[in-house]
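Attaching a single structure in structure tokens format; questions to follow.
Chain lettering (A, B, C, D, E and F) follows the sequence in which the chains are written, and residue indices restart at 1 in each chain.
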Amino acid sequence: MKLITAIVKPEQAENVKQALNKIGIRGITMSEVKGYGRQKGHTEFYRGSEYEVAFLPKTKLEIAVSGKTYKKVIDTIQKTARTGKIGDGKIFVTNLVSVVRIRTGEKGDKAI
Amino acid sequence: MKLITAIVKPEQAENVKQALNKIGIRGITMSEVKGYGRQKGHTEFYRGSEYEVAFLPKTKLEIAVSGKTYKKVIDTIQKTARTGKIGDGKIFVTNLVSVVRIRTGEKGDKAI
Amino acid sequence: MKLITAIVKPEQAENVKQALNKIGIRGITMSEVKGYGRQKGHTEFYRGSEYEVAFLPKTKLEIAVSGKTYKKVIDTIQKTARTGKIGDGKIFVTNLVSVVRIRTGEKGDKAI
Amino acid sequence: MRYLLLIISLVLVGLQTTSAFTAETVTLNSGNTAWILTSSVLVLFMTLPGLALFYAGLVRSRNIISTTALCYGIAAVVSIVWFVCGYSFSFSGEGKYFGNFAKLFLDGVTVKSLSGDIPEILFVVFQMTFAIITPALIVGAYVERIRFSSALIISVLWIIIVYAPVAHWVWGGGWLAKMGVMDFAGGLVVHTTAGVSAIVIVLMLGSRKRFPGGIEPPHSPILSTIGAAMLWVGWYGFNGGSALAANGNAAMAVLVTHISASAATVTWMIIDWSRHGKPGIVGMITGSIAGLATVTPASGYIGPMGGLILGVLSGGVCYYSVILIKTKFKIDDSLDVMAVHGVGGMLGTLLAGVLATEAFGGLGLGKVTVGAQTSVQIIGIISVALISLVGTYIICQIVKGLGGLRVSEKEEIAEGLDFGSHGEREYNI
Amino acid sequence: MRYLLLIISLVLVGLQTTSAFTAETVTLNSGNTAWILTSSVLVLFMTLPGLALFYAGLVRSRNIISTTALCYGIAAVVSIVWFVCGYSFSFSGEGKYFGNFAKLFLDGVTVKSLSGDIPEILFVVFQMTFAIITPALIVGAYVERIRFSSALIISVLWIIIVYAPVAHWVWGGGWLAKMGVMDFAGGLVVHTTAGVSAIVIVLMLGSRKRFPGGIEPPHSPILSTIGAAMLWVGWYGFNGGSALAANGNAAMAVLVTHISASAATVTWMIIDWSRHGKPGIVGMITGSIAGLATVTPASGYIGPMGGLILGVLSGGVCYYSVILIKTKFKIDDSLDVMAVHGVGGMLGTLLAGVLATEAFGGLGLGKVTVGAQTSVQIIGIISVALISLVGTYIICQIVKGLGGLRVSEKEEIAEGLDFGSHGEREYNI
Amino acid sequence: MRYLLLIISLVLVGLQTTSAFTAETVTLNSGNTAWILTSSVLVLFMTLPGLALFYAGLVRSRNIISTTALCYGIAAVVSIVWFVCGYSFSFSGEGKYFGNFAKLFLDGVTVKSLSGDIPEILFVVFQMTFAIITPALIVGAYVERIRFSSALIISVLWIIIVYAPVAHWVWGGGWLAKMGVMDFAGGLVVHTTAGVSAIVIVLMLGSRKRFPGGIEPPHSPILSTIGAAMLWVGWYGFNGGSALAANGNAAMAVLVTHISASAATVTWMIIDWSRHGKPGIVGMITGSIAGLATVTPASGYIGPMGGLILGVLSGGVCYYSVILIKTKFKIDDSLDVMAVHGVGGMLGTLLAGVLATEAFGGLGLGKVTVGAQTSVQIIGIISVALISLVGTYIICQIVKGLGGLRVSEKEEIAEGLDFGSHGEREYNI
């Protein structure tokens, strides 16, 4: 099992969710994060003073998937989150040692 | 060492924290996330228009534990976070390559 | 490749970012979390009632790095996030199976 | 000789009466002045920050500064327009259709000029606060996608081309006033103009990109509730101040206003409750505003029972108007300016005559019949709707030519208008 | 001849004086009317949005819409009740214990009716704003667990069964008024009734599930501070308007109100500071409200030194009352309605007679002795507390029978009342 | 005989007229009283919650409670100081430089005392609201680092050492008043004193630790906008109320105030737009406040054209003053009290004479020449700046001796003043 963590542009999150839904993914955990990268931040001005804002709003999606489907999931995210402009984000994949469904205590692939 | 990530219902978080405390866990990192899964979201109505809210508020707990204790921790979380209703959440376990305590620079189990 | 997750004091985050920048790190994902640990929470009083606040605000930094640089990154974080007082936080390191840059579809070290 | 004496005495009495009348009209009444000063404060408060908050809470969080800045910026530029020419075009001279140029830059309006028994300069201020809120109401139609500069230009032109003529017709002694149209505090001048113009702008500007499917729910019902409460409270000055005196008429206007708002709040709440199983606060406050807008034209003529009737009617009619316009016609009048203000204002104008009769506890219509009065009310509604439609259409065409109405798609969808148009972000927590 | 002239002129002067005098008592005073119009605005503003925000900031974030909707909904329904029967039951007729049915639906109250030298309809409005805020104050006792519909029904019944009789006793010419009880702006009518009824409702409704251990701290002290500031400002109209005139009495009431609020703020702050090492804003604003509630009954009778004394006393007494009720007695009067309003109102009523004496810089008690007056004050407190207790108990029993008082445990603990009862969420950022 | 009668009657008429006139000056005018009561409400509202919100939105989120508590706490303690001695020191007696001790604790100020044709006690209240807002304005200079207790002590001393003397000089019949200085509503008394003292405190206190590089942007532009709107609305009472009557003078003051605010808003917006490509809301509201502060001293003397000129000038001059002080001189007057209020107040005071001339549509200077008047204005500015500078310097030295001015570095940088000084946190969502 893999844990896929995708950092995407907030306005693309809904797209990604729908696409994942279509390929049968039923569980996602989402959170608001701030990202710093190649995409330049911006400068804000208040009362004549400059404020550099390095971190831009991004959305983080975490999805636990079985070993079989994870490539397809990565692929789907990459395609639907993409706008082609700098700052589109990253996908990170880590190994999951174990997954538990709290309600039932089920473990492993069944718990996903 | 393992990193245990639990997605639980917000109102259960306090319970879980106390239970973990009892079994000697002294460190937890918590954050607010939104979850999408088998548990249906809901529909809100404003001025006669429908708004589907797919993502529900969840609480994410991250706990680094030593290889020995992690089963007990998973068990405790599963039991105390459980309400038996759909949407109770998941526990994900990943391997930790290394842990560092910033204050002292200690590494490994001692750093947890 | 490694995913480095650092939990630091919010007021140290800017320092850490700048130090990482100097050693060539160009990407960071940041989020606000709450931490519970050896550092005592505090008690608040409102209208004569006590409220225990166990969780303190922390900042979480996630940084994907190549296998080569990760030790230096950990080192830099540990040094710049450190105030020497309890509650300075932790660094967790996990293995990354794969990294994808959404914009280009590049994989692996190039995607970081 | 006797006839002569009689005539002379009659003339004298006449003169005396006249002079008495004149005397009464030429002395300043400090109590009335105090109340109209206060009412001006209240009506300004309705826009800043009332309306701004009401609207800002209903949009998504990336457009909150933009929505607020629109209300704020319009208030500032319209105030200057009012001083330069708006007042003169609305209230100077005896013209049938337009004011004149005599009071440009408030020429001749001194500290001592009176309007009735209050300072004319105070009448200028009080009316200015109405001229401010009317284009600000329209903001609700075009939020989350309009260019800031375009909205400012539209508002300036709109005051001159739509608002000033209508204010002159109805309140400045123009043709509708001469026909005896009843519009105590702005059912026509404020709400009908705003509602109709809102629809015109939306049709020329287009919907928000994700409308109707992808619109987010109001990001802060509480912010909107604060705004709505301020509007409600301020409306005491809006309607009560329109008596231009601190007397029973003002007090009655305040009471009927409050009763209508309360009844509409409860009505909207009940409909929501029965349709969706829960009474939401956004519905309750929308009901209040519907009730307030609807009672506005009638507020100085009716009794509390009339207020109750208008409240209940407005709660129902405006509720279904929202659905009709947004869900059925798919017109993205984003915060329902037409359905709440336009429809409400027209409804209240239509029924003002009927409910002013003694049968409904109103103050009576004098010698005019209900039918005759209602005909005049209908003429008022149609003519005001027409000038709003045509005037706003022309204005939009002009501004479209000047550089377009909308922000870029990227700004609308991705970064939001707060950063895109104003370079700022709310919630830097 | 000269005598004749003198006599005639004296008679004329006499007539003039008389007529002038008569005129003065039956003629509308526009200045007073202006101030009471303004005061009505201010007292409504205290509830909408003042009190709603004050309370909303003190609950946890999942119940903010619920708390606000309670205040808002109660304001709407109570307004209608007031128009239908509340005013008549409170202020019509000469009954010792109750008003009568003569002014149901404000029958006979026309634009021209006067009450003193202001329009009667304005008196209706001003008193309505008091009737609105009183049951809204009680909201603080039962937030975070009550059923919305039950709270509305309780409030409607409460106005009829508790508020109207007490208003009649004290302000409507009833038995307490005849005994000469001193309650300038509502220490008995507003604060004692609200405080005592709060406790009764809490005892019948039960505590919040997690009380006392698991209660979250106020989720937004700033929201509460905005509300408290609005309450403070609005109280100028609450107490100052109760003079029913714009005169020295109103101004003095405003001053003593302000001084009491300031002194109570500082007192509460100092106690917090010395007990916990830090002065919190929640404590400061709670102190202000305590000072304002406490000075209310006395505000038209005392001088600034009396205000200072009441302020300091209320800061201390209400502080320890909170601890007594919440911490010692474990009664979950959630936002301390009894400790702050009830105790404050009773304290001020008790001391009104003493502090009204010239010794404390008050306006004097005329021929009544301090002892006699204080006895009357005590009779007032006891009788008003009693009817509040009994009346509210009966009401709760009725509403319990109608379908229960509380929301489900799941709603209370898990989803919160915002979504559970209203289907909405705040903070969709 | 006929002549005798004639003479007698003439004398009688004369007497009557005289007595009528005298009567007029000694009788309370309820309309004026109503307006000054309302104005007092408005000016208090400017501080609570207006100014508190305006400032709270501009700081970082960890200092929002601290900033609000400073405004709130200062309001409370200064009110008590005003009652104890502030009023007496400012407005009692005929002294050239100071008031006297005659009205300590408002001794002798009864419900019946008049000040002009309004109750003296009302004048006390109205002036109190000015005494409250002035030290609260200074809060903007020292937020995010000052010790709460030090700020309270500074404010108390400041009212006695700086504010009371200046109020006496300018409004209490002191030497500047006798020279004929024009300061209608506080360009000198409020804004110049606040601005100069702000700079002095900052220089003695030091900058925020991360200034200028690491300062966060305003955490909530909307909160500040709500505050600014409240300030704008309240300023109707600030300047309009300073006429101490509900008349044409008050109305004109309101109009010019509004025009200046609007013009300054637009000016600041345009400068921001052209410099940074986008018009931010923080800039717009700052412009409004600059325009309001600047027109204050002139508001009762000028016409709307004068208001427009002052608005445009203030928008530009204050804009560049901010940059000069913050960016060039690196003085951490954190929320620009000097640049906006100080510079604005001085600018308006300087130009009051010129713009009051008929040439600019003002009410005229009578027999004084523009040059003479402007000299007096300059003397006023210099002397008021001087006492503010010296007085505040002494106060800071005293308070420094009492235990220091700043919070610990840890509190300032790490935990924030909300928790550090008040033990509370905002946004417990």
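As a working rule, a residue touches a chain if its C-beta (ideal position, glycine included) is under 8 Å from a C-beta of that chain, and two chains touch if they have at least 3 such contacts.
From a predicted model like this one, the values you see are computed outputs, not experimental measurements.
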item: Intersection of contact partners for chain E and chain F; value: C, D
item: Co-neighbours of chain D and chain A - touch as defined; value: B, F
item: Selected pair, out of A-F, C-E or B-E, that shares over half of its residue contact pairs with A-D; value: B-E
item: Selected interface, C-F versus A-F, where C-beta contact pairs are more numerous; value: A-F
item: Shared interface numbering between chain F and chain D [over half = same, under half = different]; value: different
item: Chain centre separation (chain A, chain B; CA means) in Å; value: 18
item: Distance between chain centroids, defined by C-alpha means - chain B, chain D (Å); value: 52
item: Per-residue overlap in chain A, given as positions that touch at least 2 other chains; value: 31, 44-46, 53, 94-95
item: Where chain F touches two or more other chains at once, by residue number; value: 29-32, 34-35, 38, 216-218, 246, 276, 278, 280, 282, 423-425, 427
item: Pairs of chains in contact (touch as defined earlier), listed by label; value: A-B, A-C, A-D, A-F, B-C, B-D, B-E, C-E, C-F, D-E, D-F, E-F
item: Chain E contact footprint on chain C (complex, rising order); value: 44-49, 51, 53
item: Touching residues (chain side chain D, partner chain B) in the complex; value: 212, 215-218, 272, 275-276, 278, 280, 282-283, 286, 319, 322-323, 326-327, 336
item: Chain D to chain E touching residues, read off their complex; value: 29-32, 34-35, 38, 42, 60-61, 216-222, 225-226, 229-230, 232-233, 236-237, 240, 245-252, 254-255, 258-259, 261-263, 265-266, 269, 276-282, 284-285, 288, 303-305, 308, 363, 427
item: Parts of chain C lying in touch with chain F, wherever the complex brings them together; value: 9, 11, 14, 42, 44-46, 53
item: Contact footprint of chain C on chain F as seen in their complex; value: 214, 413-414, 419, 423-425
